[in-house]
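Report on one structure; see the data block that follows.
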């Protein structure tokens, strides 16, 4: 049926707006990809090995894909999702692929479908629709491609037009792959980001050992509060050697605290003894955001806060398959009261830049746009995770632009570990933004020449500036 | 003014999308009505008596209608709404009808207006607009119709193309009308649904007596926890004899609990002594949802949860007119934490199916679509009550489809006691879905052949499957 | 670039809907402005002095404008925002204006931009786009205009077609400017509104002294609860002498209480001793809303409730620049439980009219439309503050109309202190409403003749009726 993607996809339906959206898109579609936040594996770039089979590339690691299949009763075992409790799972790529393909209708009208179709077409040259009938043809073709040099990570990186990509590492990572890339001959720009959840959250598995290891890596005594803070400074400086321009913080809520140093030190001691109550752990996490903000003022790292995910919601799946298996569910998030301690402490400092994300869209218009529209330290991150979609991005612009404008936003994040979907994701964002701008112009809210300038800014200018890339 | 309904109503305005929506609609508009959840009176089908006068058919029992009139200062007494405190109310149908008709402008752009106009036109052949001027003409014509055999319940049931309709009864109902229909000669399919709120909620009026009566009907000793659970099993089995395929639960919140059996038994004892605190009553209700889910795994009934209504908000109206008088107001509802106990207990069981509804639209994108998009036991019920409307349905699709897809939804519920509005309500749902699908196609998010398949699924396939009808 | 505003701005893009929106707009665009709630300075109308320089007219006092500039790192000092801590701020109008103009791109696609462009064009005849290049030309031209008699407040009032405007004063205001207008020769209609926050909120700065002063002005003993209530009655009557038809209440939440009189009196005593806990202060505020509602039943003042703003969020800005500096952030607001005490006390009284506002858009569909759609005393105020915008107004209609209809809404409020923006704001509201109505007609949800009637009602009829103006 399908003869490839619709060239006008995601543009407004009204012809004059569609025409303008297309014209805007023409000016941004080939701009380089700047990917300031994501979860691709730095090993890919360092080692440049061929990707494994199509199922292991596209199905098994992508929680968007397997969660939808699981929701319709297809066991994770049959999708080859690795278990943690020793149960057997399917390992034959073709068997997994066929199961996926024969349920491809489940993805109708989802972003996964658009990303997958885009990847099939633009990365692998497949324009038919995936289905039970075409499953083997797709599998064979993709498997063949993956053996070729032009489908290795570095070649795809270049083909995708990636100017720079950030990965995300914990302070305990030795950054060996980043070192290999940096010191090697390949010119691709891969940078790291500082994600300290495992040494900042007293409830994180292995927190006490993690903090000890942090001290070893940093050469400071992390059994003391001052030594612990110093260790962060040391590791942040180390990360900066590998291009790091940002930190990232994935807390359950946006709570911040600004405790007295003695109080913070006491909490830290308690955390090291494993004695924090949930409330104390939360307070400590909250206080650490303020400490991280203080360090950002010193060292210039941009801070990202990604709050509000109820992680690993199903006890049964956690026991059987572990973390990150599609069972992270958004929850209501307050920002107004939560951020006040940090903002009262450092929110007016000229050097500080904090990029806020949300999984609670009601916060866009009510809290985030009003906050980012006045605090010089705050910027709005793009629509995130479940909302990294055509409708999600449209709502994001509609709910934030009138209060925060365009210039308190920071461009697009693909935030993905699905390498082949990167061009597709950026393409969706560019199209949705051009559609929004064209609609603004055709309803008399923006001049046409401004729309072209803004389209460039939303695609390229703002992300470079916001992330210092 | 009006010369009948616009054939293109609710379709997109852009011509090519409108044309496609119309084409999609052509393929589903005459499909049978499957009504898996509603509140029509089984007596109608059993006895097949003529409906009373137009006001008693259309105004007096419809809280959508009289709440709007009351909001503009028209006393409920004048609308013939029965009182519970003995105050006199208007009983003359024509007087009530004239008052309604002369205020028909209040319903502009509301779903009630569209349902009423559709009923007037399609059920009674009236295409002028109702107004003070046309009030008597409408009244006389409808009153005449109601005397004719072709306007009796069974004839309308057939004319409406109802394949099956579910009513809603408490476990204390003897289902005599369902028995009469089942054992009679009429072939119409009318099934019941198991709604145990009055024997599950310790705060329900008459709870203790209700539980005793439950025991009598089931032949078990409901003074014990085990006997009480067994009584539910017995009554569920009895309901299944009358076509029941689902239970329904109208709790104030979505809270669930999974208590130890001894703890549950203790709470039950306390409830039977009328000694539960509000918190304990809430915990007991929450635990009973998990027990009901366990029974569903055994007997296959689909579970519906309709939480979040603040019932009978006005003390004055409750005292004067009793329950269900338009004063049920939605409130914020959490699902993520609330459902976790039940989901951890049974949420991954293959046999279980739970259909979730909400009156808090913010939960669609943030909680419900992410939950239904991963838990195999969860499905999303359609837009409900205040959101059973063109805009409500559009938002529902826009907010849920990208995360949960189409196949974790269950088609349409009319959920009404307004019999003549049933075709109108299903028609609105079909039109809105076709409009959504046409927009998806014309913006390159869905292939055209897929849209036709999905239109059929949303109208007919999904509801049959989800409710085992 | 820009050659003036687009005549079709904010209308639907689809041609037939656009044409109908334009036709509707033609019938309402020149209707008089009825401004029932706002914050213009009555001194302007009383003294009719020339406005100061362009920066002091347009930049310095407008928190919409300077908050956006500040969010991008431009210090408030450089924008001439007066400080409260003695720090020096820019005083040269042209310098401020140039800074504003050279950052005009920050306002792209915001309501401020549309209001400003409309003011420049319609008030001052400037159709070019403001920018660094055109800054001086704008400044000189506007400065020249402001010296002319036809740009004095009364002349603009008349040119703007204002039929009546309400200002907002505290009970402690002597209304001298209103007296001067009333007793003078100018025929412009300027009325006051009763805003008692400073004598109702125990946490308001100077509450005790304010209550004492209230007693002096009213001639009652406000050291007693009865004398305090009587003082309100006296001042309300006094305000009515100056055209007042409404009171206004800006509480942190929508909480109401209906305490026993003895309990209320005890709380009042405690408040006068400065001894209220935050909870007690909140309860007292809540109770006073019910008392104000009782007085409204007696004296006919319409009650407005504007809840949910977290005022003066930044401690640093509050210390340096004081209140109302763009740091008021919306927060989540509950209405369903919050309003119940008041509604149970007086919510069904025929004489009472309460207009509800929100900064939490999620309440529109979930709480406010359902409440206003049934309680005869409740009406929905228009989209407020951050949502007084094209998208905000569209969402307001989409989220409220299906449940509350048009006739439980009250027309538009400009709610501004930016005098020159008044025509622009009303124009936006009229355009958005006409766009909404045209869309309703073109999607078969409203008849065309009805749309014309509703357009007039939304622009003129409803506000006159709701505010008794």
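Order of writing sets the labels: A, B and C. Residues in every chain begin at 1.
Just so we're on the same page, a residue touches a chain if its C-beta (ideal position, glycine included) is under 8 Å from a C-beta of that chain, and two chains touch if they have at least 3 such contacts.
Please read these numbers as outputs of a predicted model, since none were measured by experiment.
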Category of the chain touch graph - line, ring, star, complete, other: complete
Cα superposition of subunit A on its sequence copy subunit C - rotation in ° rounded to nearest 5: 120
Averaged-CA centre spacing for the pair subunit C and subunit B, given as whole angstrom: 40
For subunit C, residues that touch 2 or more chains besides their own: 14, 362
Residue ranges of subunit A in contact with subunit B within the complex: 1-2, 5-11, 13-14, 67-68, 70-73, 105-111, 113-114, 129, 310, 313-317, 326-327, 329-332, 359-362, 386-387, 389-392
Touching residues (chain side subunit B, partner subunit A) in the complex: 12, 14, 16-17, 334, 336-337, 340, 343-344, 347-348, 350, 362, 365-367, 369-376, 378, 398-399, 401-408, 439-440, 442-450, 453-454
